[in-house]
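Naming follows writing order (A, B and C), and every chain is counted from residue 1.
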Amino acid sequence: MKSTLKLTTALVFGACLSSAAAAQTELTMWYHGAGNEVESNIINQIVSDFNASQSDWVVSLESFPQGAYNDSVVAAALAGNLPDILDVDGPVMPNWAWAGYMQPLPIDESVIENFLPGPKGYWDGELYSIGLWDAAVALVTRQSTLDALGLRTPTLEEPWNLQEFMAALDAAKASGEFDYPLDLGMAWTGEWYPYAFSPFLQSFGGDIVDRSTYQTAEGALNGDAAMAFGEWWQGLFANGYAPGTSQDPADRDGGFIDGKYAFSWNGNWAALGALNAHDDTLFLPAPDFGNGSTIGAASWQFGVSASSEHPEGAAAFIQFALQDQYLADFSNGIGLIPATASSAQMTENYADGGPMAVFFELTEAQALVRPVTPGYVVQAKVFEKALADIANGADVADTLDAAVDEINADIAANNGYGH
Amino acid sequence: MASKLTTSNRSGWLFAFPGFGLITLFIVVPFFFAFWLSLTNQRLISPNPTEFVGLSNYERLLSVGVIDIDPEQDENGNLLRDDNGDLVYPRVRTFTRNNPDFAGYEGMREWFRWNSGDTAKVVVATDVVFWKSLTNTLMFVLIVAPVQGGLALCLALLINQRLRGINIYRAIYFMPVVVSIVVVSLLWRFIYDGNDGLLNNILSALSFGMFEGRDWLGNPNTALGSIIGMSIWQAVGFHMVIWLAGLQTISPTLYEAASIEGANKWQTFRYVTWPGLRNTAILVLIVITMQAFALFAQIDVMTNGGPLDSTTTLVFQAVERGYGKQDISGGATISVVLFLMVLTISMIQRYLTREK
Amino acid sequence: MAAIDPSNQGLRLATRYAVLTLIAVIFIFPLVFMVMSSFKPDLQLLRDTGSFRAFLPVGDLSLNNYAAAFDRAPVATFVFNSVLVTGLTVLLSLFFCSLAAFSFVFLNWRGRNIALSIIIATLIVPFETIAIPLLLLVSKLPWIGWEGLEWGWLNSYRVQIIPWIADGLTIFLFVQYFKDLPRELIEASRVEGASWWQIYIKVVMPLSGPVLATAAILKFLVMYNQYLWPLIVVQEESYRPVMVGLQYFFQLNIAWGEVMAYLTLITVPVLAFYLVLQKAFIASIASTGVKG
C-alpha cells in the first residue's frame, strides 16, 4: 500500500517537476472527530493553516468516528497501514508505544512546560504524545437543590468527606423529589468506568494496579482499602442511591436536566447542556473518601506513528497545533479544558470567572492519570467488569480477587509489559 | 442416483470451483489460521515473539475441579450456625488462593455448588466466565431453535393464504429483519427499561396496575429471557420467508387431491404440507441453530454480558477477549471449542434427519 | 352448511384480518417508533419513550433531525457505498452459489460430498472469529488495477465485496431447494443433448424464482448491515458503508433524533429492495406454475 502510494506520488512529481508543490512531502494524519462538525472544522482549520504556513509539508487528514477509532488503528497497524500522525487516547498511548506503533515525539520540552500534567503523554521516560486539552469530571448539581436539602457547598479546599457525601445522598433520597439521588452514568459502558470511577477507588486508598512496579494488582485492587471501596460501591446500588448497569442511556443524557437526579457525576463536555437548562447548575469537586479527592486525567493526544518516515514533519505539525489560539478554539468549540492557563484566559468558559472555570481548577488540583502501563487497556476492561458485577450484587471479595487474578495473568502473559 | 447421465467430473468441478474456491480462501484458510493461533500465546498487539504453547490455552479454558468443603466447627467439634440457623462454610478463596494444600486448585473460582450431607461440593473452574457463557449459549439455542422455527412456520402458513392485501402483511412481518439487529437492540433497550419502559407501562396498564415494573435487563433472572424474546421477535420473519419458499414448492395438485379425499386441515398439513417441507425443515433447523450459536450483537448492545455474566455468550467472550483484551489466542481458543461443539451437534442432527 | 352462510363467511374473514393485523402491530411497532421519533426534538423524544406517544406523530414535529443528519455525516456517500457493495455482492453471490449448488445436487463428481461437507461446516464459523486472520490475508493479496500489479486490498470496494461472494448459507439454501426440483426434467434434457450450462440456464434457473428471491434478500441484509469488516479494512471515508456511518451519530451526548432520522434514511433502501423482490417473487410463482 505504502509503496504503491509512493510510486504514484513519484510519478506525479516527475510530471510536474517545475511546480513548487514538488518540494512538499505529504504527511497523513488520522483523527477521531468524524461526526462532530465543530471539532472537524477546528482540526481542518489547523491543518490548512499549517499547510499554508510553510512549504515543506502537506498534511492530509482522515477522520474517523470516535467509537470506531481504536479498532481502526489497531487493524491498520496489523495490516501495516498506519498514517504519519496519530491521534491517541491518553491512557491507551503506552500500549501503542510499547507495541511499536508509535515513536517518541521529537519536540522540545520547553514548548510544553506550561501545560497541565494530564495532556502530556510520557512512556518509558520519553514524551510520546501531547494533548491540546484535558477533560475533567465533577459532581453536577443545582444551587437550589443544595439549598432545599440544607447542604454545605463543598469547595476544592474542603470537599465533602464520605459521611457528608452519604448524608447528601440520604437527604436527596428522603426528599422524595428524585428518581435517584445520584446518577453515576452506569449506562456509559467502556472507558467511562475506569476513567470516572477508579478515582473513587484511589480516594479510598486502593488502585487498579500497584503503580510502584506495575507487575501486580494484588493488594491494590483487593486489599482492605479496595474491599472498603467495593462494599461502599455495592451499597450505592443495593440501597437505591443510584441507577445500576441497566440505566437507560437516554436517562443518562437527559435525566439530570429533567430533574430525575439530584447529583450527576459527569464530564465537562456535558456541562454546557446542564448550564443551558438550569442557570444555577453547580460543579462540585470529587468527595474525599480518605486519601484526598481525585478525578481522572488525560484525553485525546497527538503522536507520531512508528512507521512514519518523517517524524520531524509530524512533530512540526503537532508543535504548530499547540498554539494557545487553537487550544482556545477547541475549548470554545466543544467545551474541552484548554491545556495551558494562558489559553484558558482566551476562552469564554474557562477564563477567570467563566462558568466552567471550576473545571480548570479541578483538573489542576485533583487530576491523576490512569495507570501508565501498556497493560492498562486490559486492566480497564477487567476493572469495568468487576465494578459492574459488584454493582449487580456479586460478592465483593471474590470479584476483586478474580479481577486481580485476571490482571496478573495478563501481565505475566505479556512478560511484564516492558516495565 | 449415480446414473451415467449425471456423472461429470469436469463440469462438476468447473461449476463448483468458483464458489468452493472463494469459501476456501476467505473462510476455511482464515479458520485454520485461527486454529493455529489457539495453540500459541499470540497477542493482538505485542512486541513479544509468538510462542507455540500446545494445548495450554485449552487447558486453562476447560479445567474444572470439585472441592469438598466441610462446615466450620468450634473447638468442641460442634457445627457453627449463622443467625438463620444455616451452616457456615469457609470461603472458597481460602482454598484457591495461596493454599499449598490445594495447589492444584490455585486461582480457580466457584462455578456452582451442591450439598452432600453437611459437606458442600463446590465445583470450581479456572475460567468460570467461559462455563457460564457456554451454558447461556446452550440455553439460548435450546429455546430459540424450536420456538422460532415453530412460530415462523405458523406465520408462513398464516401468510400463505389467498387474501386481498396479504402482501402488505407479509412485508410487515418481515420488517424487524430488515432493520439491523444493532438498531433493533437499541430500540428494545428503551422498551425493556426498568423505570419508565414501554413494556412495564403496557403490562401495568393491562393488569390495572397489579403488575409491578421490573428491570428486565438489569435482573440476572430476566435478562437472558428478555434477550431470547427479542431475538425470536426479530428473526422470526427471516425464517418465515424460508418456510414460504418451501411452501411454494408443494404442488397444488396434491392439495386438490387431499381436498377431494375429504382431508381436514390438520390432515392436509400432516400428510401433504409437512412431508413436502422436509428439506426446508432441515434448512431452517440448521440455520437457526447456527445463528443462535453465533449470538453476539444483541449482547454487545444491550447487556455487555451482564448482569453477573447471566447473558454472556461464547462468541461475545471470543470477541471480548480477542479484541477487547487483546488476547487473540484466547479468543481463537473459544472459537475452536465452539466450532467443534457445533460440528458435533450438526453431525448428530444430520444423522437424525438423514434420508432413510 | 354453516360455511355457506354469507354472514358467517364475513365474520371468518374479519377474524382472519383481525389476527393478521394484531400480529402486524407486534412486528411493526419499533419501526413506527423509529420513524415517529425522527421528527421529534431530542428531549420530547426521550420523554415519549415510556408511553404510546412514542408511536404517534404528536408534539413538535419537524425535519430538523434530517437536516442535521446530513450536516453531520456524508449520508449520501454512505448509502451509495452500501448499495453498490451490497448490490454487486448479491448479484455475484446468486450466480456463483447457485452454480455451485447446481453442481452439488445434479452432477456426480469425485470429492463432491467432502466439498459439500466443508461448505456446510463453514456455516458454523462466526465471522468475528476469523476477522483478524482474514484482515492479515487481504492486506497481502495481489490485485491488478489501472496502475499494474499492486499488493493489498485495503481501502477499496473489492475488499468489501469479494470475500463475501460465496458463503455456506446461500449455497446450502440453493442445495436444499434444488433437491426438491424434479430430477426427471434434468435427465430428460440431458438425453436430448443439452449441455450442463444450458440446463442450468434454461431449465433450473427459470424454476428458481422463489429461492433466488429468498437468497437475494438474505444476502442483501447481511451485506447491508456489515460493520466489523468495513471498519477494519477501510480507513478512507469515501469507502465507508452505512453501519460504520452510524458511529458518526454516537458522540458522547447522543442526538437520538438524528440517530432515528439516519436509521430511517438507511432503512429505506432495504425496504424498497424487499418490496420489489417480493413482487418478483410472487410473479415467478405465478409464471412457472410450480412443479410437482
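What we mean here is this: contacts are C-beta pairs under 8 Å (C-beta built on N, C-alpha and C of every residue); 3 or more make two chains touch, one makes a residue touch a chain.
What you see is a predicted model; the values in this text were computed from it and never measured.
> If every chain is reduced to the average of its C-alpha atoms, which one ends up farthest from chain B?
Farthest chain from chain B, going by C-alpha centroids: A.
> Between A-B and B-C, flag the pair that has more C-beta pairs in contact.
Answer to which pair has more contacts is B-C.
> Where the CA atoms of chain A average out and where those of chain C average out, how many Å apart are those spots?
Those two chain centres are 39 Å apart.
> Where the centres are mean C-alpha positions, what is the separation of chain A from chain B, in Å?
One centre to the other, that is 36 Å.
> Centroid from C-alpha atoms only, then distance chain B to chain C, rounded to Å. What do you get?
Comparing mean C-alpha positions, chain C is 22 Å from chain B.
> By residue number and range, which residues of chain A touch two or more other chains?
Residues 71, 78, 248-251 of chain A touch two or more partner chains.
> Residues of chain C that touch two or more other chains: which are they?
In chain C, residues 49, 132, 136 touch at least two other chains, as defined above.
> Do you know which chain B residues sit against two or more other chains?
44, 190, 193, 196-197
> For a test of understanding, state which residues of chain B touch chain C in their complex under the given definition.
Counting only chain B, the residues touching chain C are 1-3, 5-9, 11-16, 18-31, 33-34, 37, 44, 155, 158-159, 161, 163, 166-167, 169-184, 186-188, 190-191, 193, 196-198, 201, 233, 237-238, 241-242, 244-246, 248-254, 276, 279-280, 282-283, 286-287, 290, 293-294, 296, 315, 318-319, 322, 328, 331-332, 335, 338-339, 342-343, 346.
> Which positions of chain C touch chain A when the two form their complex?
Contact set of chain C toward chain A: 42-43, 46-47, 49, 71-73, 132, 135-136, 139, 147, 150-152, 154-155, 231-233, 235-237, 244-245, 247-254, 256.
> Of all residues in chain A, which touch chain B in the complex?
Those residues of chain A that touch chain B are 71, 74, 77-78, 95-96, 98-101, 179, 189, 243-246, 248-251, 377-378, 381-382, 385, 388-389, 392-394, 397-398, 401-402, 405, 409-410, 413-415, 418.
> Quick one: which bits of chain A touch chain C in the complex? Just the residue numbers, please.
1, 3-4, 7-8, 30, 34-37, 62-68, 71-72, 75-76, 78-81, 248-251, 253-254, 257-258, 267, 269-270, 273
> Mind listing the chain B positions that touch chain A in their complex?
Spelled out, the residues of chain B in touch with chain A are 41, 43-48, 91-93, 97, 107, 109-110, 128, 189-190, 193-197, 215-218, 220, 303-309, 320, 323-327.
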